[in-house]
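Mind having a look at this structure? Questions to follow.
Labels run A, B, C and D following the written order; every chain starts at residue 1.
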Amino acid sequence: MNRIRVGILGATGTVGQRFVQLLQGHPWFEITALAASSASAGRPYGEICRWKVSAEMPPTVRDMMVEECAPGLDCDLVFSALPGEVAGPIEEDLAAAGYFVSSNAKNHRLDPDVPLLIPEVNPDHIQIISHQRRQRGWERGFIVTSPNCSVTQLVLALKPLLDSFGLSTVMVTTMQAISGAGYPGLPSWDILDNVIPHIGGEEEKVETEPLKLLGRLEGHGFQPAPMAISAQCNRVNTVEGHLEAVSVRLARKAETTNPTVGAVVEALRSFTALPQELDLPSAPRRPIVVREEEDRPQPRYDRDEQGGMAVVVGRVRECPVLDYKFVILGHNTVRGAAGGSILNAELLMAKGYLRNQ
Amino acid sequence: MNRIRVGILGATGTVGQRFVQLLQGHPWFEITALAASSASAGRPYGEICRWKVSAEMPPTVRDMMVEECAPGLDCDLVFSALPGEVAGPIEEDLAAAGYFVSSNAKNHRLDPDVPLLIPEVNPDHIQIISHQRRQRGWERGFIVTSPNCSVTQLVLALKPLLDSFGLSTVMVTTMQAISGAGYPGLPSWDILDNVIPHIGGEEEKVETEPLKLLGRLEGHGFQPAPMAISAQCNRVNTVEGHLEAVSVRLARKAETTNPTVGAVVEALRSFTALPQELDLPSAPRRPIVVREEEDRPQPRYDRDEQGGMAVVVGRVRECPVLDYKFVILGHNTVRGAAGGSILNAELLMAKGYLRNQ
Amino acid sequence: MNRIRVGILGATGTVGQRFVQLLQGHPWFEITALAASSASAGRPYGEICRWKVSAEMPPTVRDMMVEECAPGLDCDLVFSALPGEVAGPIEEDLAAAGYFVSSNAKNHRLDPDVPLLIPEVNPDHIQIISHQRRQRGWERGFIVTSPNCSVTQLVLALKPLLDSFGLSTVMVTTMQAISGAGYPGLPSWDILDNVIPHIGGEEEKVETEPLKLLGRLEGHGFQPAPMAISAQCNRVNTVEGHLEAVSVRLARKAETTNPTVGAVVEALRSFTALPQELDLPSAPRRPIVVREEEDRPQPRYDRDEQGGMAVVVGRVRECPVLDYKFVILGHNTVRGAAGGSILNAELLMAKGYLRNQ
Amino acid sequence: MNRIRVGILGATGTVGQRFVQLLQGHPWFEITALAASSASAGRPYGEICRWKVSAEMPPTVRDMMVEECAPGLDCDLVFSALPGEVAGPIEEDLAAAGYFVSSNAKNHRLDPDVPLLIPEVNPDHIQIISHQRRQRGWERGFIVTSPNCSVTQLVLALKPLLDSFGLSTVMVTTMQAISGAGYPGLPSWDILDNVIPHIGGEEEKVETEPLKLLGRLEGHGFQPAPMAISAQCNRVNTVEGHLEAVSVRLARKAETTNPTVGAVVEALRSFTALPQELDLPSAPRRPIVVREEEDRPQPRYDRDEQGGMAVVVGRVRECPVLDYKFVILGHNTVRGAAGGSILNAELLMAKGYLRNQ
């Protein structure tokens, strides 16, 4: 099989680098284009990119010439790691020019004709793509988006609860790693011996995006899930791995017997979904790992679970105010960013959306 | 005025050291006895105590001989910084022998005849002391306790809300400093580039102690405040200062117009109480400081507010699930431990409970 | 006495803020002007400065209008916290216009007619000022400079050794705090769970500046001290306080009996100099504190020694390769930056150089 | 080939855990015994060991019963990760009972009949084993030791310099990771926002062990290498990876043309030795990696080079005092501890020393 030719927008940033790293040796995708701001265009990637996600830049990309983020890129599929300040129109231009766009940027996430996608959660949402094309007059290209990093791991853990028990209320306090702020991102002066109880725009995303993700596609529109979410987002001094303290109220409590802690754990632990069935290359074998220890998950130990593509849940217990509380950990720049967008593209591939017509 | 002669139990631990430090130059209290485990007894404090709370041990205590934690101490008032494993009976023995005991240990906090005390919150609870003496057959001595460090700062911030608007529900996620675990406490291996989502026994304390603190003394018993609290406690890599993300439901919502964010802020900001009226030596001028910045309070900047005796509140805003949410910071080993117990003793002094009969 | 009217160049940076902070309540100096880049000029300090050196900006400067770094500032003395990219010509312009310039910038440190000054080390170097004025045709103004932060604390500790025993060779490895990089400075991503074994330009400064500081003023020129210095500079994850591991060879070894460790300690400990004699307001009572513990000095404990104006030396012992080795700690943004430049100005004041003619 | 049956002494500590981890899937060695203090003996490893070196204990050892550190262990080769307080006699008892002992403990490192071994540096030192057996009356067993973690990486980098240019003087300042202190090891309170300029006994080891390692085996004795070493050892807040700032004087300077920086780099970079020739399972392909960047090696990026078995050298440049200076990084619990001892055993295996007679 010929591999799909892939371009990365914003390839020099930390999420862009994560795309480069995760796509090394990918069985379906092959990097053929790297794009960044016009200031960087025309120079070799190895020269302008300060590689930060591992000890050494993969040799295969070192000599690739960086291009501008515009039609003309030598590829069919583009992954977008662009900052929100510029991502919107660039992604549209590329989709209009026929590129398949799998974006990690926030700009189009809530567009009514764009899927906000987690393959384990709402794979059917990709069906809106035909409507998107029609609406926008695009013949071949389209845009799909992956959620905010704190949202992906939260919604992955909420999905089996919603399916098994219903879900009406979610309270979440995040303790997010510094990598979420990109590079240079957070000054060391701000975070050493400190916690910053604010991340610009984050709480709004956490309170909004899950409603679309857990909602239903009906006809040509998304019906948001009927639930209330309250988020408090904090930056803590960890390198990678967002930790979330969550409490939930289950919806069907009145109708049925309240589930036990054991039933909640079982629902989480046994969860698998379409990516696992399809055996997508980046799909974790078990999307949710439940740990029994009283003090896990922890970022340093658990963020790399199944290559950073699984979320780890722990401390499932009753909540004196809502019904259950627990702790979630996910790798924010793998599952929560580049890895999530790659898995989205793998789903689209498996479903025939990346075909060259 | 002669100063009250004071002893410190558990003087070599970090909370014990904080007592020593905060009592330097105290206008009412004078350290005349230092006590620790029998292994340390009989040797000079300067020799056995690894001083950890500042650059140098105060010269005044260096040559004091450490004694055993037992009757015979040359003092009238004892501050207890003993670990929970041993504090209970030792404190009782001392109270029985006529000592006034102001304890920071957990053991007697929930005893039905012992005040769990924050002078700004429930100063009237000290009236149970006469009942305590009668009950236990103690003529002169008594025990008062200060709450868990995470509780003190939480309850200080809740008190004006309860007074102004009523309070039915509290959800809190803590991000607690390493000093809360004492010394040697938390291994560095466990917390560098990490968060530990569990602190033994802490959530139970946070869900229980506020009910007594915010409850009423009726006759010879405490009526717990009728509210539900859910806590998730985490250890983060900060030196001092516990940060808490809190959401509350106000109780009188139905009866009255829902207060605005401005009214909540005003209730917090304008709060003063008996320690401020009495101008107690360790009382902060303003027990609650409200900051307007979107990213404060922060541990490194705000923990030393008014000598670490005030709590700092920020980010007061509406909560999509409950009514309001906000962030609280307090200095856990000052206001949340030694400083809190000293303020308790100051209240007792001002109210005539430390008189030599 | 009327206080000298003082301006601060680069007032919004972290060293600029340190000047603002340290000059609060200064007995001789009064801030009357704050200057920054033209982008900031014309707006209130409280609006454009992100205050980072303590919990809150002093109220006295909040409403001061920020001005441009150019003649016209309403003051007589200016402290320069400007970055090296721009400091050079601005400082010259101001000196030419009659301002007394006490600079922390690197630009003029090695000018042959500009004093590089540590008041305890080479106070006589200020005599070059008259020559500087003549040379440059300046009637009233002049420039004096304070050394690089790593240099100040090193040279303070070397001075008594040079005086007592002679000094031919210095090897130093620094472990420098993140504050030395300013704000935003070092990205947190770079330093968490890491050490960076390189600080641009730092080793050159450490190998060069001490030669001028410890050299002699002869006629109109400085004779560098005849010694060899080798430096390796590293950034570690501490907030404030540079730690330096130093080995020295003493010069007079052959001629005289080799001093004992005790004699080296005594030379360091007993060191006082002109600022102490003159009782300058910012002078530490003891410029060098020697600690006996085997594991001190440590940044978190010792950086604030005497308000951060003293250096702390520890672990004095024999070196198997050179003669003696020891560890030095200094507060890099107090003694090593703003505080050092203020002490320089105090010396100039005491010596009559700041007189309005 | 049947795999050699291996036991681990001190299996529950962090170095012991590293042995367990690194031996998973080893082609020559198979864990058949785990031993720890008598308090732990008789219980399953999975129950008593708090696994700390990765997310999860390998399932293969979970149910193994922990035994006492004494003859009777079901294995032929033992790796010792015992603390120095107890290692000495235990290792001797086992060797006397016929076990091959590859120890990471300090106790026998300087014994005149025990090899202190780095396979790339002094593989011929294993020839003393026959003498050791004779001396001690051991028929089959013997003891070999691996050096202190700071020493291994230093000596690996010094070896090619000694071989190519001679070496007379070494000055080294270490910045060592917290893992070096074991578990619980360093309290977090001591190291957060701090550096500790002292590690008990470390400087002595760094100044002594290299002399044996770089010395020659002559007849039945080791001739120490004739060089002077001075070490200053510091603990910094990194998880793994010791960084060392080193300056050296080359010995043959007078006789020959002084080598260029390029020649020094080339000597380091081209270094390979017996383990590479023999293709030992744990041998890094390139024992020394030289990086050209001005700010590398860095612990977080470079400690895992070639599975943590290689050392990374950077910033090779001239030293104004000695001849050359550079920075070395090594993984202290892999190459510097368990991995080093395993490589030692692999060398012994390849050389026929582990044969069952």
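As a working rule, a contact is a pair of C-beta atoms (placed from the backbone, for glycine too) under 8 Å apart; a residue touches a chain by one contact, two chains touch by 3 or more.
As the structure is a prediction and not an experimental result, all values here were calculated from the model.
Contact with both chain A and chain C is made by B, D. When the interfaces A-D and B-D are ranked by how many C-beta pairs touch across them, B-D comes first. With centres defined as mean CA coordinates, chain B is found 42 Å away from chain A. Annotation: 42 Å between the Cα-based centres of chain A and chain D.
The centroid of the Cα atoms in chain B and the matching centroid in chain D are 48 Å apart. Residue positions of chain A touching 2 or more other chains, listed in rising order: 192-193, 237-239, 300-301.
The part of chain D that touches chain C in the complex is made up of residues 169-171, 173, 175, 192-198, 207, 228-230, 232, 234, 236-239, 243, 245, 247, 294-301, 314-315, 319-322, 325, 327. The part of chain D that touches chain A in the complex is made up of residues 54-55, 192-193, 239, 300-302, 304-305. Contact residues of chain B toward chain D in the complex are 14, 52, 178-179, 183-193, 237-239.
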